[in-house]
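Both complexes shown next keep subunit A, but they swap its partner, so subunit B is in the first and subunit C is in the second.
This part shows the complex of A and B:
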């Protein structure tokens, strides 16, 4: 990766304080994200207690023991870290970041480390170190490119995750995430964006009307249908932000005829626990499993969202039944399989503009979903181009690891975290950036706005919606404009490829 | 939480400047909040958007989907950004006295 150092001007903007000095004083914490008030006394002791409790009730010890033995601090990871490449700050080198927590582990939780520390009277955890961790761990986008480069296999993103988890247990976590998960787990609406069920139903009915108008096909969002094959969980924010993605998904199911449903008991795929707390991760993923079982559904279907997909795919088996856990699919896997099986017909060259694809880290790094969206895009786009690097080597949007929800650090995200991505997007000259992830979509929209790039961020299904060819029997006769047209033989069924609205 | 004062208006706002108690919203409050968004004057078009948001919020307890907002008010998204430079969620909703949107919004 070539160096993408930011300018001094960008640096000043990205690192400008975002909090009032009195808040920093009161919380004795100097970070750029907002934190709800928490007990400031005796922080090191409480940090160590939380760390000890987590070690006792998890498998982290095995990983940490391995990491402290193997860590050579060779800094090869720095060549892959887009944050370090932008800031040039040694504090941002991934193995330096990991060392913040590994040093605490070595000093307080290994025999050799604690004996040496006691004899020399050094290395014990201080408030300053907690301050450093609170800042450093949230500068990382958890994209895991560093782990790919590490010659000894240290998973820096896992260490960052654990660090954030311990910090959250003593009250230090971005308020944006804490407020959202509190509503999801304890609030009246039970989802991160606080969407009440009547608003959900109103939204879906509105979209159904729009689709009927545009496609002349009765495309429905089945609600609370028991026994459906797929129970659908998009990032709940899609119900506010991503009309076209949802319409595309409903259109795909209408065309294939497979059964799916959205449950009113729970309809949010978002799981911020993946970013900062295993405890929350477990509780949220359990909600997904419970709702699917309540509706007697066979499979969990996650919408266009990277972290939602990864948290369900990998943690539903961990927390909800092991080998008997419900199978988890991402919507792109379903659509691809349906297209390959001939259940879905797509119009070639339906999208004349140049299109490129952004791989969300959470589904690409482990090579889970790489080719399916590409093949679908090549089937419908006249001018498809790749970003470089791509697939499992992709560059993060710059808002990964939950940072995208923290609005107060937007200047940091778009100047530092997203710097490399902005260069990549510019180089493609694409009109549409397909980013099948609610996190990536939000970040990339802010990125192109702040970096002055003329590109539109869309989901995969936004474009598929324009290209789906419905079977003739589904297409309804055009509604006559007025009574005089009733006997007009011209009122024939409108096919999607001839319907002007399809390209709007 | 902080107290925000503008002329005769005095309200409680969060760190992002959103109202803590949306029930206390009135047209003077809208003017006060607009001043924090770089909007000095609320035109008829601003009010159309604000009133639609408030009606929907009072009925459903949340802001409408952006596509619905655009369709029902007749303003394309670009126009919404012209009216409220921070956009529908962070700008228009704030002036309409809605709580700060949470999650990936």
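This part shows the complex of A and C:
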């Protein structure tokens, strides 16, 4: 699917400056996201030092060598980039973005490049180039479609990832991400949303009461239960914003009877390290692994969150023991397996409205989880439709790569980054967009609002919650004395919610 | 002219061909050593072989990909590559030379097929060049070598076709053969040092990406120490 260019008016809005001019001047940096003050002197030298240190202790060098030797500059990636398609700006072509960093590597870290550069006196790193990278790398939504479509196989996403990592080492990283990560790793609450444990416990108790009232089933969030099979790490923001997803997950576990728990030592799946720093990535996955071990859990279970799932699935083994690391599951895998095994009963056609599924990039691109949520949705929805393209070729919500957390660039995200997604959603005519990812949910809600699309963004478990059929023995008898409901709902299996209540 | 041609076809050919082979071997070995080293350092050594191999094959034989995006450009590019690879290797006249030089030859193309491939390679090479000049997004990315390569690559095809098919005078034949041989030799020499290195590196690209995402375990402290940031706040 291709999208059209943005209008001049949209462009002006999307690229409007968000920072005070004096900040831009003080930081000598003209980007649209907020950055904490950092040392501006000698930036090129410090950038190169950071680059050198990272190359020394990482595996990037051989890949950069491979890429600089064969980059063919064919421009095919431009057909894949939703940002370029919306802006039409050559600077947004993925290959051009990669070249920003590759040229620095070639000039300063290869023999031929540094000899040529020294003889000609050209190509050395300047403040302007750093500025260009700081702008360009954060225009990217890190969706990785370009990497899949490069005929010679250049991984532009890896290069942008590395570029952001180096920039963060000299202090250039979006403040929104840095501040959250600081609270997660060094703050009192130890999570990105600064949720204190008592507030977490209160919230969960409140949700339990809510569910009991609605379903007449004692659905619990087990806290700090040692020896549970699954230790659960949702994006911590779910506790504040995605109660229905959490309720659906708790309901699934109640119906299946499998053991799970939420640890009060650490309960945040969010890992912004995936977006801007391998060092942060490492520290966060280590916390996930440590908490699971503290609780003597067997498996790490990540909630409906794309980047949290990818960072745990692919980087927990890297840092926490390789093949001996704890196994990592995404909640959709668990629910699907339970349903397939007959442990979970779902009401067919429980959702009468048209439903479509948005593949989070971090889950779908590597063909990790594609069919499971679709099969679950087809089992409960009367009118399920696909977006085109889908599965591993999906289009990003437009808020990927951490950009969704940067509130000051919302106009950019909904006018440029998410434009192709908005077109795609419109074409389905769906009422519910199922997006099993905290970041995608936030971005898509802002996108449908800003683009004037009449659709509601939900999680997979929000809908499953409406369709779960609990075994009879779990359904509690109604309170006879003050029962207002003459139908006595407890006497029959819980009906899935009606369509009307879903809209509320 | 004759002496020059003899030199170009003899010692110069052997030298440039050796430079190409050794140059390609060098980058191939460096690439493989890099991959082995990365694998050794990787904290997680599980490689999704199925997906990696299927993606590699998808791009080596990009039939599935042709019609998805930019179909015309894709078809032109694929046909250009086919002619470029097949024709020089399986041309009867080239194989004869190998037979004379090293004592063995191999299967060859029929003259009609060779001629057709030569013409299509020339035409599609020119179209690729025009595409690079004419399409703004391609122009935005292009370096000098990106414009030069399609032109350089079709020179031996044009001159070779001239020698094989045109009833030209001996002087023109010799001049054209000299251009054919020298341009071919220029390609040999430049090949390992430019983007055409993808002819040997491309089959490894998907594996390179997979390995590059397999970071070494627990390097936070090492990077922090090197940057003198140990214990520094986030």
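To be clear about the criterion, the second predicted complex is superposed on the first by the 480 of 504 C-alpha atoms of A that agree within 3 Å, B and C clash if a C-alpha of one lies under 4 Å from a C-alpha of the other, contacts with A are read in each partner's own complex, and residues count from 1 in each chain.
Going forward, a residue touches a chain if its C-beta (ideal position, glycine included) is under 8 Å from a C-beta of that chain, and two chains touch if they have at least 3 such contacts.
What you see is a predicted model, and the numbers here were worked out from it, not measured in a lab.
Student: Have a look at subunit B and subunit C on subunit A after the superposition and call it: clash or fit.
Tutor: After superposition on subunit A, subunit B vs subunit C: fit, no clash.
Student: Just subunit B (first), just subunit C (second), both, or neither: which does A:333 touch?
Tutor: neither
Student: Between subunit B and subunit C, pick out the one touching the greater number of residues of subunit A.
Tutor: C
Student: With the two structures laid over each other on chain A, which partner does A:93 touch: subunit B (first), subunit C (second), both, or neither?
Tutor: second
Student: Look at A:63 in the shared chain and tell me whether it touches subunit B only, subunit C only, both, or neither; answer first, second, both or neither.
Tutor: Only subunit C; A:63 stays clear of subunit B.
Student: Of the two partner chains, subunit B (first) and subunit C (second), which one does A:270 touch, if any: first, second, both, or neither?
Tutor: first
Student: Of the two partner chains, subunit B (first) and subunit C (second), which one does A:405 touch, if any: first, second, both, or neither?
Tutor: A:405 sits against subunit B, while subunit C stays out of touch.
Student: In the overlaid three-chain picture, which partner chain does A:34 touch, first (subunit B) or second (subunit C), both, or neither?
Tutor: A:34 sits against subunit B, while subunit C stays out of touch.
Student: Using the superposed model, give me the angle at subunit A's CA centre between the CA centres of subunit B and subunit C, as a multiple of 10 °.
Tutor: Result: 140 degrees, to the nearest ten.
Student: So in the superposed three-chain picture, is A:325 touching just subunit B, just subunit C, both, or none of them (first/second/both/neither)?
Tutor: Once the two structures are laid over each other on A, A:325 reaches subunit C alone.
Student: Rounded to the nearest Å, state the minimum C-alpha distance from subunit B to subunit C in the superposed three-chain model.
Tutor: 15
Student: Which residues of subunit A touch subunit B in the complex?
Tutor: Subunit A residues touching subunit B: 19-20, 23, 34, 175-176, 179-180, 183, 189, 191-196, 198-199, 202-203, 206-207, 210, 235-237, 239-241, 243-244, 268, 270, 305, 404-405, 407-408, 438-439, 442.
Student: Using the touch definition from the top, list the residues of subunit B that touch subunit A in their complex.
Tutor: Within the complex, subunit B contacts subunit A at residues 2, 15-16, 60-68, 71, 89-90, 99, 101-105.
Student: If we count contacts the way the header does, which residues on subunit C are in touch with subunit A in the complex?
Tutor: Those residues of subunit C that touch subunit A are 27, 30-31, 34-35, 37-38, 41-46, 48, 51, 55-56, 59, 62, 65, 69-70, 73, 77, 135-138, 140-143, 146, 195, 197-198, 201-202, 204-206, 208-209, 211-220, 222-224, 226-227, 229, 233-234.
Student: Under the definition above, what is the set of subunit A residues touching subunit C in their complex?
Tutor: Contacts found on subunit A: 49-50, 53-54, 56-63, 65-66, 69-76, 78-80, 84, 90, 93, 95-96, 99, 147-155, 158, 169, 178, 181-182, 185-186, 278-280, 282-283, 314-315, 317-319, 322-323, 325, 366-367.
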